[in-house]
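In structure tokens below, several structures.
Both of the next two complexes hold subunit A, though its partner changes from subunit B to subunit C.
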Partner chain A sequence: MTELLVIGAGLTGLMAAIAAARQGARTRIIATGMGSLLWTPGTIGVLGYLPGEDEPVQSPFDALDALRQRRPRHPFALLDAQTLRQSLDAFRELVQSLGLPYRGAEDGRNLLLPSPVGAPRPVFLAPAGQVDGHMGRPEPYLIVGFQALRDFYPTLIAENLTKLGLKARAEFLPIDLITRRRDFSPIDLARELDAADLSRLTNALKRVAKPGERIGLPAILGLKRHAAILATLREALDAPIFEIPTLPPSAPGMRLAEALRAHFELDLRGRMDLGLRAIDFRAENGKVAWVSTRASARPVRHWAQRFLLATGGILGGGIVGDPTGQVEEVIFHLPLNDAPQDRKQWFHRDFMGPTGHRIFLGGVRVNEAFQPVDAEGGVAYENLWAAGGLLADSDPIAERSLEGVAIATAFRAVQRMSEVTP
Partner chain B sequence: MNLDAWLSPEVSLDQCIKCNICVSYCPVAEVTDLFPGPKYAGPQAQRFRMAEQPTPDLSVDYCSGCRVCNEVCPNDVSIMEMNAKARAALVAEKGIPLRNRLLGRNELLGKVGSYAPHLANFALHNPISRIAADALFGIAKEAPLPRWSTTGTFVDWWEKHYPHRRISDKKVVYFHGCATMYYEPFIGVAAVLVLEHMGYELIVPPQNCCGLPLLSNGEFKAAGKLYDNNLRKLGPLATEGYDIVGTSTSCTLTLKEEAPHLLGRHDETAEALTHAVWDIFEWIREHEDELPRDFVSIEMVIPYHPPCQYRAHRVGRPAMDVLELIPGVEVHESRARCCGIAGTYGYKKEKYDIAMKVGEELFSFILAEEEHHHTEYNACDSETCRWQIEHGAGQDSRHPIEILAAAYGLYDLETRTAKTA
Partner chain C sequence: MRRLETEILVIGGGATGAGVVWDAALRGFDAILVERRDLCHGTSGRFHGLLHSGGRYVVKDPVSAAECIHENRILRKTHAHCIEDTGGFFVVTPEDEDSDYPERFRQGCADTGVPCEEIPAALALKQEPRLNPRISRVFRVPDASIDGFQMVHSTVQAAREAGARIFTYHEVIDLLMRGGEGDRRVTGVRVRDAARDEEVEIHAAMVINAAGAWAGKIAAMAGIRVEIVPGKGIMMATAHRLVHTVINRCKWPSDGDILVPAHTVSIIGTTDTPVADPEDLRIEDWEIRKMLEEGEKLVPGFMRTRMLRVWAGVRPLYKETAVTDDRDISRKFALLDHQERDGVAGFITITGGKLTTFRLMAEKTVDRAAAYLGERKPCATAETPVPGARHGYYWLGHRLREVEDGRLQSQLICECELVTRGMLENAARHNPTIGLDDLRRDVRLGMGPCQGGFCTYRAVGVIHELKQGHAVTPAAVDSDWRAAEFQSPAVQPPSRAHAAEEAGYPDDLFNPNLLLRDFLQERWKGVMPILWGQQLKQEQLDRLIYLDIMNADHLPDAGLRSPLTDFYHMEVRGDASGEEPHD
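Moving on to the complex of A and B:
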């Protein structure tokens, strides 16, 4: 029998499943689809903004106390700084071993990386291919785009970087350096580069780059051969090369998702089944017995000793709203804390204001063992844990804490569940 | 709140947030410019498809129907179903080429050929016929068409077996489908051996083609006739409460869901049939406690490819779950998206190359397994996929039920015959 059933295949679900499988638990992941990692830039934010503040956080660990003061039930308030650090170290070790190294600033401060429009993004850890975009570095930027590549405008990025007081300029290269296809996404380009001889691209870059510049490219530098492509370009141009994430689909997000999935399925012999939307469950004697998923003729029941809910918030699909504005947690119908409960509460005068939106702040409340609690504060089900984006009292988008919350809470939930015998 | 009401293909397009995850994983769009990808052909084009108006975009014909899009979509959009309906509308507008009419009539072809299988095999498989079929009908000359069984049909075997069949209070109905009937009767033999070994008495009722080849070529009316015939033949058994198991993942899917959904058959008997039908491994997994553990010693690595139809069954990968129970059997999953053939897609001249490119990741997996583990066979539940794998990778492919029957010592994997006790 499955010892741990993880519901959700985003960063939370994958990290939790990997941690459990590494401890020897027979672990299975079920999910509606590929997780939301493919929507993300593949970077790891821990804390980029404190609630209500416009200025980015310099150093997440120094700002934890302030965060806990403002949000006493924030997921980071349910674990100590050492656990947070441990979980991030574990993540770094893991991705390093998978050939997808991540780095942060030496002094524990956030990196400030350019977004797809050239705005600063506070990030704690970034794929090695993105770190050289850090705004704290001295080299002037050369942002290189490709004609006909949608949603990546080097001129706009360079203009916005210049407005921030940084030195930046833009160049366009012809797309046929990479592909002759009629239509393509960043993922297609990455696949083409996986198979390509890079000399045409490096020669073209040499022609436009000036000595001393660092070169920012859209995040298309390969999927399977990313590290080799990056090394080849860096060597050929003798300059820092970095990727700027694109709008979805995101190659850095896909690299991370696929690396974690392959590790789970191949190295740890775990099972991950997609296309299975959880719709119902059965509880007996205060324990979850099974979760069922929608299927062709009859729902499939997934029995397990333990269950970990990692379905995400409103974006991941763990929380849904109906046309009347009511929201609910989709599987166990757990009480949602602070989420809007009718249509009126969805609106706010201050569009994109620093207080964020209630739908992101609301979520499932858990105790310090990361077990969902009911309205009275008691453990909802003895063998149910929850982690990641669906947790209450954190606004992971506004705080830029989405991935940090995913990694730390997945780590902690698995740690706590292994302290009790099933 | 009732989410299912929102999730009919037409309505589910509003769930699409255009995130492009489907496009990123679509194996067809990856290898050809002729298909722009599931998002464009599906939810995006769907907004411009109005009843009584011409179809705006013909590229939907290049969707192979593998359903990778449905599987990876984080928002549960029924992308492939949208495409299937759009293709049917296209067929209604443009008419059906003779080739597609032929490919849709798998059962008729099977029946005709089975009267003189040697002759039929020669007539179909000699190089001149293949060139002619390619030029005249657009059936790719290299495509892996099946061979008729030269040792009789499945029902011929069943009639011989009938007097010796296991009699039991536990009964289960077997749906063999056309491929087992006319081309691969041994798949049915293996299924009967395993189900009888589990203590069941088999019922093999009269039945006909499930209708899938017609559905996937957009011939809904002709497919409806076949479905209704099956409903008459199998419906009463379903209503009486018998489980109906099938060894063809596509037939079971069609009877369960595709046909009633696409054809709009939702009466009580159709409902009963939907709930009675199981893919054989889905059923065995459900009856795991009845599965005897008297396996003979068998040491093998089996490279296994879950066929695309499981994405629509949405039952996970039951054959893997069951095969992993056999001591000594190590199942290695292909992790490949699709073999490329997608029913009759890869038979079509204009799509053959696309199908072969799509299958490349699977073929190279099979070859790598052969090199590293000296495997003799790979396994896949779906017949056309097996033929495509054999064609693309040059290694014999087996149905997992054959592996299971062999693991009980009841079946010879090489000769594909029952072992006599």
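Moving on to the complex of A and C:
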């Protein structure tokens, strides 16, 4: 019998499933789709902005107290700084061992990486292939794009970096260095580079680069052979090379998702089934007995000793809002925090204003063991845990805490789960 | 101060103003049109896209009905490419059965000359399987779907080719007046060029006020009282087409009783709420509920359909006498000769009416102007096809065909609406681009399911590269051109002496960061009131892109404003949800 059934295959679900499987639990993932990790730029944001503030957070750990003050039930308020640090260290060790190393700033602060429009993204950890874009480094930027690549605009990035007081310029290379296709996405280009002889590209880069510059490219440097491609370019050009993420789906997000999936399925012999949308469940004696998923003939039941809900928030599909203003957790109909049940209160009139939108704070209430609780604070089901984007009182997109919340809460939920015998 | 001279000066870049300047130019008058924002920014860009057969008015307003069918027949020739020949149904739903309206409707059609054929309900259901299966009677009329943006753009392009000059983002701040009591004359206008932030004086022998719902404000500048009751109506677009025929409820006109197929979506409309200010485009929750409920009566399942967007337009209802219900104010147009009416010469107001009758309104207006300025050539608009009309009726698949045939060589920038890089570059080359919204009206950028999620960033990048001299398509690649002409004949190169004067703004006014910010806010304004279910999830993806990936909320120049910033940030809902902080 499955010992832990993880529902959701995003960063939260994968990290939780890997942690549980490493402890020896027979673990299985079921999910509707591949998870929103593929849409993200592969960086690990822990806390980039405090609610209501325009200035970026220098160091997430220094800002935790301020965050807890403003959001006393934020997921980060349910665990201590040491646990957050442990979970991030565990993530770094894991991806290092999988050949996809991540780095942070040496002083423990957030990195500031150039976004696809040249704005500074505050992230805590970045793949080795992105970290040299950090604005704290001294080298001037050379942003290199490819003609007619619709998801990368080097002149725009360079212009905004210049406006930020950094030294930056842009160059274009012909797209036929990489592909002869007429219509292509960054992912297509990454696949082509996996199979390509890189000498044409490196020669072209040598022609446009000046000594002392660091070279920013769209995130197309391979999917399977990323590390080798990065090393080849760095050696040939003898310069720092870094990727800038593109529109979703994003190659760095796909690399991370694929590395974690392969580790879980191949190294840890975990089972992962996609295409299963959980629609119902049965509880007996205060415990979840099974979860059922939609299938063509009749719903299929999935029994397990323990369940971890990692279906994500509104982005992942774990939380939905309907036209009458009702906000709901879709599988267990768990009680949510006091998010407004009136659509008039859901949004602020400014799309990008610092206050964010109330609806996105709506989510599942959990205790310090990351078990969903009812309105009185009692555990909803003895063998149910929840982690990640569906948790209440966090707006991970506004906070730039998406991956940090996923990693830390998955880590903590599995840790607390293993403290009790089933 | 810049100073220009002309014979006829038209205020307002909606359908009426475009028609007037086109008609005037064809008759040989020197003409200028000024518009405070982009063409179609007002009511002509905010309606449901219905080319009336007249059916809707046969019982209530037979004169309007006769005008509609007359103009409907003309526009099908002069503006064929702006029209999809969908046909229209008037359907009797179970709620409408206990009424004598269907019989009065049939009689009204006969009396006004609106072609009307009753067909078996079963046949109608075969053609439109999503219609309510319980409808009992169906009347077929020659309604059609019309693209207001394209119609106005084509008309304006025709005017340009006849020698007219068009100035968008030029707001009238005052009328130039001469003479004293009893002998007053309007001699021109003072306008503010919003992009360059400078004033311009335009002197004219005749000033025509075609400002629609804003006409009262313009007339007031001459000390004249013209009472316009702005009647706000909301429209909602679904994520795909539910029907391919215009569907009307066969009943006394009311809220939410028309469903129009428009390009890739269906549009339901509308409401009618008197508002004090034509800029008051707030969407009320009851209006959305009403649309959902009424839509459900026409198409079962409508309430669960994914909604893309909601917007409001303001009808320019001219109030002749005191009436209580707005819908009883005539939809007939009003031509006010202020010399006769108020003793102010050189000034005419044309207001009221409907988009369907814009050409007729223009004809009557220029007739009156010509009576003062001296007759030139006779009106030719009824026989003169505008650029693009030779392509014949619009049909839904035309862009896809162009792309699949390989005629559109460049990449898709907006995948929802099949906008290519070439189309975007050509549109940006030839139209002043104050905001991306201007290009939306030209090429349908950002009007599909992701509501600008992917194309906003791309369009900003493409235009930035264009301004930096890195355009991918040479000016007017023939294939891209043809497809673009369908959507926006304005991309044709200006071939007249005035080209330099009115062509795009200097590049130093272009700021990509403002373009990005303002367009995202503009899209937000129209999705916020209908975000739930799948579209709410979509919006979270857009937030992931613009906040998490782009960090676009922390771009340089955050403190700068564009001429459109304030408009996009104004209140859009009927409550104060924007005011209170969260925590």
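As a working rule, the second predicted complex is superposed on the first by the 417 of 422 C-alpha atoms of A that agree within 3 Å, B and C clash if a C-alpha of one lies under 4 Å from a C-alpha of the other, contacts with A are read in each partner's own complex, and residues count from 1 in each chain.
Definition applied: contacts are C-beta pairs under 8 Å (C-beta built on N, C-alpha and C of every residue); 3 or more make two chains touch, one makes a residue touch a chain.
This structure is a prediction, so every number in the text was calculated from the model and none was measured.
Q: Please tell me, clash or fit, for subunit B and subunit C sharing subunit A in the overlay.
A: Taken together on subunit A, subunit C would fit alongside subunit B, as the superposition shows.
Q: Considering only touches as defined above, state whether A:Glu265 meets subunit B (first), subunit C (second), both or neither.
A: In the superposed model, A:Glu265 contacts subunit B only, not subunit C.
Q: Between subunit B (first) and subunit C (second), which does A:Ile187 come into contact with in this model arrangement: first, second, both, or neither?
A: Only subunit B is touched by A:Ile187; subunit C is not.
Q: Identify the partner contact of A:Asp322: answer first if only subunit B is touched, second if only subunit C is, both if each is, neither if none is.
A: The answer is both, since A:Asp322 touches subunit B and subunit C.
Q: Applying the touch criterion given at the start, work out whether A:Trp303 contacts subunit B, subunit C, both or neither, answering first, second, both or neither.
A: Touch partners of A:Trp303: none, neither subunit B nor subunit C.
Q: Which partner chains sit in contact with A:Thr293 here, subunit B, subunit C, both or neither? Use first/second/both/neither.
A: In the superposed model, A:Thr293 contacts subunit B only, not subunit C.
Q: Using the touch criterion from the header, give the chain among subunit B and subunit C with more contacted residues in subunit A.
A: If we count touched residues of subunit A for both partners, the winner is C.
Q: Does the superposition put A:Trp39 against subunit B (first), subunit C (second), both, or neither?
A: Once the two structures are laid over each other on A, A:Trp39 reaches both partners.
Q: Quick check for you: in the superposed arrangement, does A:Leu274 touch first (subunit B), second (subunit C), both or neither?
A: In the superposition, A:Leu274 touches subunit B alone.
Q: Report for A:Pro249: first if it touches subunit B alone, second if subunit C alone, otherwise both or neither.
A: first
Q: Across all Cα pairs of subunit B and subunit C, what is the smallest distance in the superposition, given in whole Å?
A: After superposing on chain A, subunit B and subunit C come no closer than 5 Å at C-alpha.
Q: Can you give me the overlap between the subunit B contact set and the subunit C contact set on subunit A?
A: After superposing on chain A, subunit A residues 36, 39, 182-183, 248, 317, 320, 322 contact both subunit B and subunit C.
Q: Over in the complex, which subunit A residues touch subunit B? Could you list them?
A: 30, 32-36, 38-39, 181-183, 185, 187-188, 191, 248-249, 254, 262, 265-266, 271, 273-277, 279, 293-298, 300, 316-317, 320, 322, 326, 328, 330
Q: For subunit A, which residues count as touching subunit C in their complex?
A: 36, 39-41, 45, 51-52, 54, 56, 70-71, 115-122, 147-148, 150-153, 155-156, 159-160, 163-164, 172, 182-183, 245, 247-248, 250, 313-315, 317, 320-323, 343-356, 358-361, 397-398, 400, 402
Q: Of all residues in subunit C, which touch subunit A in the complex?
A: 285, 288, 292, 303, 409-413, 421, 454, 457-458, 460-462, 464-465, 468, 470, 472, 512-513, 516-517, 520-521, 523-525, 528, 531-533, 536-537, 540-541, 543-557, 569, 571-573, 575, 577-578, 581-583
Q: State the interface residues of subunit B toward subunit A in the complex, per the touch definition above.
A: Interface residues on subunit B, with respect to subunit A: 1, 3-4, 19-21, 23-25, 30, 33, 36, 67, 70-76, 253, 256-257, 274-275, 277-278, 311-317, 320, 333, 335.
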